[in-house]
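Here subunit A shows up in two complexes: once beside subunit B, once beside subunit C.
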Partner chain A sequence: MQKIISFPHIGNYYVPIEIFLKLIFPEHIILPSPKITKRTLELGSKYSPDFVCVPFKYNLGNYIEALENGATVLIQVCGGCRYGYYAEIQEKILKDLGYQFEFIKIGWGKFNPIKIYQLFRKTGASASFPTFIRYALLTIKMIEVLDSFESYIRENIGFEKKKNSLETLHQQFLSDLRTVRGFRQLSRLQSEYKSKLKTIKIEKPSDCLKIGIVGELYSLMEPFSSFFIEKELSKQQIQVRRFITVTFLLNKLKLDKKILKSAGSYLKYAIGADGTDSVEKSQLLAKQGYDGIIHMKPFGCTPEVNAMPILQKISNDYKIPILYFSFDSQTSETGVKTRLEAFYDMLLMRKEHEKCKQLI
Partner chain B sequence: MQTAYLGIDTGSISTKGVIIDENNKILAADYIWTEGDPIGAVKKIVNLLRQQINERNISIFSIGTTGSARKLIGVMLGAKVVKNEITAHAIGTLSVFPDVQTIFEIGGQDSKIILIDDGVVVDYAMNTICAAGTGSFLSSQAKRLGMEVTEFGEIALASKNPSKLAARCTVFAESDMVHKAQIGHKKEDIIAGLCTAVVANYLNNVGKGKRIKAPIVFQGGVSKNAGVIRAFEEATHEKIHVDPNSHLMGALGVAILSKKAKRETPFPLNISDITYETMGYDCKGCPNHCEIICFYKDGILIDSWGNRCANGNPMQQSLKNA
Partner chain C sequence: MVIGLPKAMLYYRYQILWETFFHELGFETVTSGDTNQKVLEDGVRYSIDESCLPSKIFMGHVHSLIGKCDYILIPRVVNYGYCKEVCVKFNALYDIVNNTFENVNILDYNLSVTQGEKEQKGFIKMGMILGKSPLRSLHAYKKAKKAQALHDTLKVKEQERILESEKLKLLIVSHPYITYDRFIGFPITEYIQRLGAIPIYADLINKKESLKRSEEISDSLYWLYNKELIGAIQLLEDKIDGIILLTAFPCGPDSLVNELILRKSKKLPTINIIVDELQGEAGLQTRIESFLDIIQQRLDQKEKIQKRIV
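Now for the complex of A and B:
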């Protein structure tokens, strides 16, 4: 029987994930859940425990919307913190709601390609193991291409000469990326868009405001969940930098000890999930002369709560202001905007003051 | 004719307005309750300010708005400067206390701490989720004790032995207050305890981890409360400066900021006969259901906001229909 396979959103990563699934499940239908909207969050919050972190609610809302559209197989990856329990609870909630579906849970902790292959095999993937690995590598490569494209956009979109040209190119890129099915096609697309990016005129003053973003991965990678803060910042002609991408997370598996070491005097032990990265990257941003740091987390995210007092110390040591955000399903957009506006206003005032001092 | 500038600070509880001259001197000022109707309150306060300067030959050449209704009021008055409360408060305070290093601000719903170094804002924090440790907390407790919140400060000063209250949030504080009263604590002790609790809450939530350096200036509506001032002095072991105009600092700041955006022709202040209306609806253009706000002046749509995509832009749609 033909299955309809779906998965939750996180940023634009649904494009490579969709392609990966299409490749390993050629006989089935792949149906990404609809884009996140207010309705997603409403559905998710309605059926989630109130105090669970908000990415859980987004995921659950995504699942319900996918099931409404006829999905019969759902996929969840399990990871570092409370995220490790998401799948179990989500499956139970959805089953209690009366939905019939198959739930694939990919354990992130013991990342084992053979086990994952077996899981997919059980669901009906016909590809052989080497083919599976090849597709997996293609997907990883696609994610890398996507990440490097998007990080260029983040750093430059505030400074484009013609408004919206990068945004338009971004949409084109995503729709072209959806057609990729092989390595050669991907590298052609990559070089094509590299040169396309170069044709877009960027006028960036060397002393523009620079803000780095650290924090919990879902809040960082799914713009809807953080009220499109990156976009909001870039509109103000600010260079935005963030390290946490899927590419980073994939590489991180090898780098854990190194990250801890480079956090140096600030950390002795890993503090869970991305808390360690938040500390290390904040120090790096401070050293690189960034004007400010924004720390974002879902309300109650323990690893990031651990990181906060250390960030405060970095803030004091390097005299770099840090703005903290906690998002929940109840967060008001106006409140977020006010705090953000005050933050870059302050950074600009600091900067201009330094300029004035130099003149004297 | 004298050139003057208007600043309006529309908060959740109160609306503040000032008119200043070229040298930031306050020519007219007023403070009224917002009462859930920011448009009505602004109409009223503009009228009051107009009466204050009526006989003198003064014209308003720029307008700035701040406070939680800044956008709405900015559109309403045609203001060129619409600034967040933090920047506005910092600028206003610096014009009065040029060497201030720390600003405590407790308003109706929001409380903030602003750190200043060498005349520049270097760090700030604002209460994020809860509203305990703000003015509305004090006024709701005043109501429970059957008195005006304005009497609070003086009564608190009479206490020699403030009660210790659990004040993580209004609900905890209220049940603890009832308990303390039932076991025989004096009213003034409970009130003094509340003031201490507000301060503790503020310093633990908003001021956590921040380096508080003197001189400290305290402002916002709650800075009128002598009990809270004393509690702050005890907690920080520093002198707390409170300006007589401490409640007007936001309005003053934004009036100063608006000076840069000075116009050629003065603004007319006779707005009491104009009807302003807002209409909100949920856009059905996509499943996101953005809440769109349309703003009408005398029945004509002058601005709208809230849409995340072009689907829900009433300005464009009304242009199309025209």
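Now for the complex of A and C:
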């Protein structure tokens, strides 16, 4: 029987994930959950435990909307902190709601390709193991291309000469990326868009305001969940830097010790999930002369709460302002925007002040 | 030399182990005493707002020990082996304290078995930092380990006796640093007793057995402390009359695990109590009272039915 396979959203990663699933399940239908809207979050919150972190609620909302659209197979990737334990409860909640579906839980912590392959085999993937690996590598490569494209956009979109040209190119890129089925096609697309990016005129003053973003990965990678903060900033001609992407996380598997070492003056131990990164990257941003840092996380996220006293210390030691956001399903958009505005206004004034001082 | 033990968090699991170890090596220990209003207030002041209540209380205890001892013991715990993780709060307490207070002298050991950091190794290293030979530290550790085990077994035995009682029994499913904290759990268990019921403690069971039985509720759960607690539900189900899930705001692991318990284990009346630092006692007491009423009614009904059958 033909299955309808679906998965939750995070940023634009649905593009490579969808392609991957299409390749390994050619006989089935792949249907990403509908794009996140307010309704997604409302649905998710309604059926979630009270103070579970908000990514859980988004995911649950994604699943419900996917099931409404007829999905029969849902996928969840487990790993990190509480994330590792989402799947079991989400499955139970959805089944208690009366939905019938198959749930694939992919363990991330012990990254074992053979086990994952077997899981997919069970659900009806027909590809052989080597083919499966090839598709997985293609997907990883696709994610890398996507990440590097988007990080260029993030750092430059505030400074384009002709408004909206990067945004338009971004949309084009995503729709072209969706047609990729092989390595050669991907690398052609990559170089094509590299030169396209170059044709877009950027006028960036060397002393523009620079803000780095650190924190919990879902808040960082799913713009809806952070009220599109990155976009807001770039509208104000601010250069935005963020390290956490899926590419970063994939490489991190090898990097852990190094990260801890470079955060060494503040940390003796890893403090859980992305908390260590937040500390290390904040120190790096401070050293690189960034004007400010924004720390984002879901309300109550323990690893990031762990990082906060240390961030406060970095902020004091390096005299770099840090703005802290905590998101849950009640967070008001106006509240976020007001605090954000006040923050970059303050940074701008500080910068002007510095400049004046130098003149004297 | 004096080693300070914050009376919070893992103290409730390791009190005997720690005290015996340091005493064996010839050191004094001092604890921070029971949680009180001041400890709580200090804890809140030195914590990030969103930290869970027990970790705030922990900070208060650490603060109260500063200046009263040469070292404050703060272990760092990650896991006890594969799929036996602990809440990430325990990964970070050392660094949080170190970055929050200027003048603390921390003594620590690292427990992360999957990375080869076993408890014994940690204790030997600690002994060496304190200027004792590895051999002597090893002896002290072994002795301490035995003492803790003996203490635990006795406690379990004692509770087994209490379980024979005819009175109404409520299982408190909660981390020991919540259950026994003067400020969080204690008023609740005390109130239960005042109402004539008996609190039974989910942490006073054979942990190996409960770990195994926890798999009946969840096979993918990997937080060791939570596993031990839910295993206790399975072990004691037939001997108790109701379950109180007691958790602190905003506890990460419990928010998920308690949801699972509520959805999966439906045999007994269960309530979920979430305590925060602004907790008013009155509201809580009413809830517990009416919960006990519900249980009593249930029991009466059962009795009636049984009588009819007889």
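Quick note on the criterion: the second predicted complex is superposed on the first by the 360 of 360 C-alpha atoms of A that agree within 3 Å, B and C clash if a C-alpha of one lies under 4 Å from a C-alpha of the other, contacts with A are read in each partner's own complex, and residues count from 1 in each chain.
Definition applied: a residue touches a chain if its C-beta (ideal position, glycine included) is under 8 Å from a C-beta of that chain, and two chains touch if they have at least 3 such contacts.
On a predicted model such as this, the values are computed, not experimentally measured, just so you know.
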Consider subunit A as the common anchor and indicate whether subunit B and subunit C clash or fit when overlaid. fit
State whether subunit B or subunit C is in contact with more residues of subunit A in the superposed arrangement. C
Go through the superposed model and pick first if A:N316 touches only subunit B, second if only subunit C, both, or neither. first
After the superposition on A, what does A:K92 contact: first (subunit B), second (subunit C), both or neither? second
For A:L137, select first, second, both or neither according to whether it touches subunit B, subunit C, the two together, or no partner. neither
Determine, under the contact definition given at the top, whether A:P303 touches first (subunit B), second (subunit C), both, or neither. second
Vertex subunit A angle, Cα centres of subunit C and subunit B, expressed to the nearest 10 degrees: 80
Which partner does A:M346 contact after superposing on A: first (subunit B), second (subunit C), both, neither? first
By the touch definition at the top of the document, which applies to A:S326: first (subunit B), second (subunit C), both, or neither? both
Between subunit B and subunit C, whom does A:I114 touch in the aligned arrangement: first, second, both, or neither? neither
By how many Å are the closest C-alpha atoms of subunit B and subunit C apart after the superposition? 5
Overlap the subunit B and subunit C contact sets on subunit A and report the shared residues. 299, 309, 312, 326
Using the touch definition from the top, list the residues of subunit A that touch subunit B in their complex. 34, 37-39, 299, 309, 312, 315-316, 319, 321, 324-326, 328, 334-335, 338-339, 341-343, 345-346, 349-350, 353
Can you check the complex and tell me which residues of subunit A touch subunit C? 49-53, 78, 81-82, 84-89, 92-93, 96, 105, 266-273, 275, 299-303, 305-310, 312-313, 326
So, in the complex, the side of subunit B touching subunit A is made of residues 68, 83-87, 118-126, 128-129, 209, 211, 286-290
Please output the residues of subunit C touching subunit A within their complex, sorted ascending. 47-48, 50-52, 76, 78, 87-89, 91-92, 94-96, 98-100, 108, 110, 218, 220-223, 249-250, 252-253, 255-260, 263-264, 274
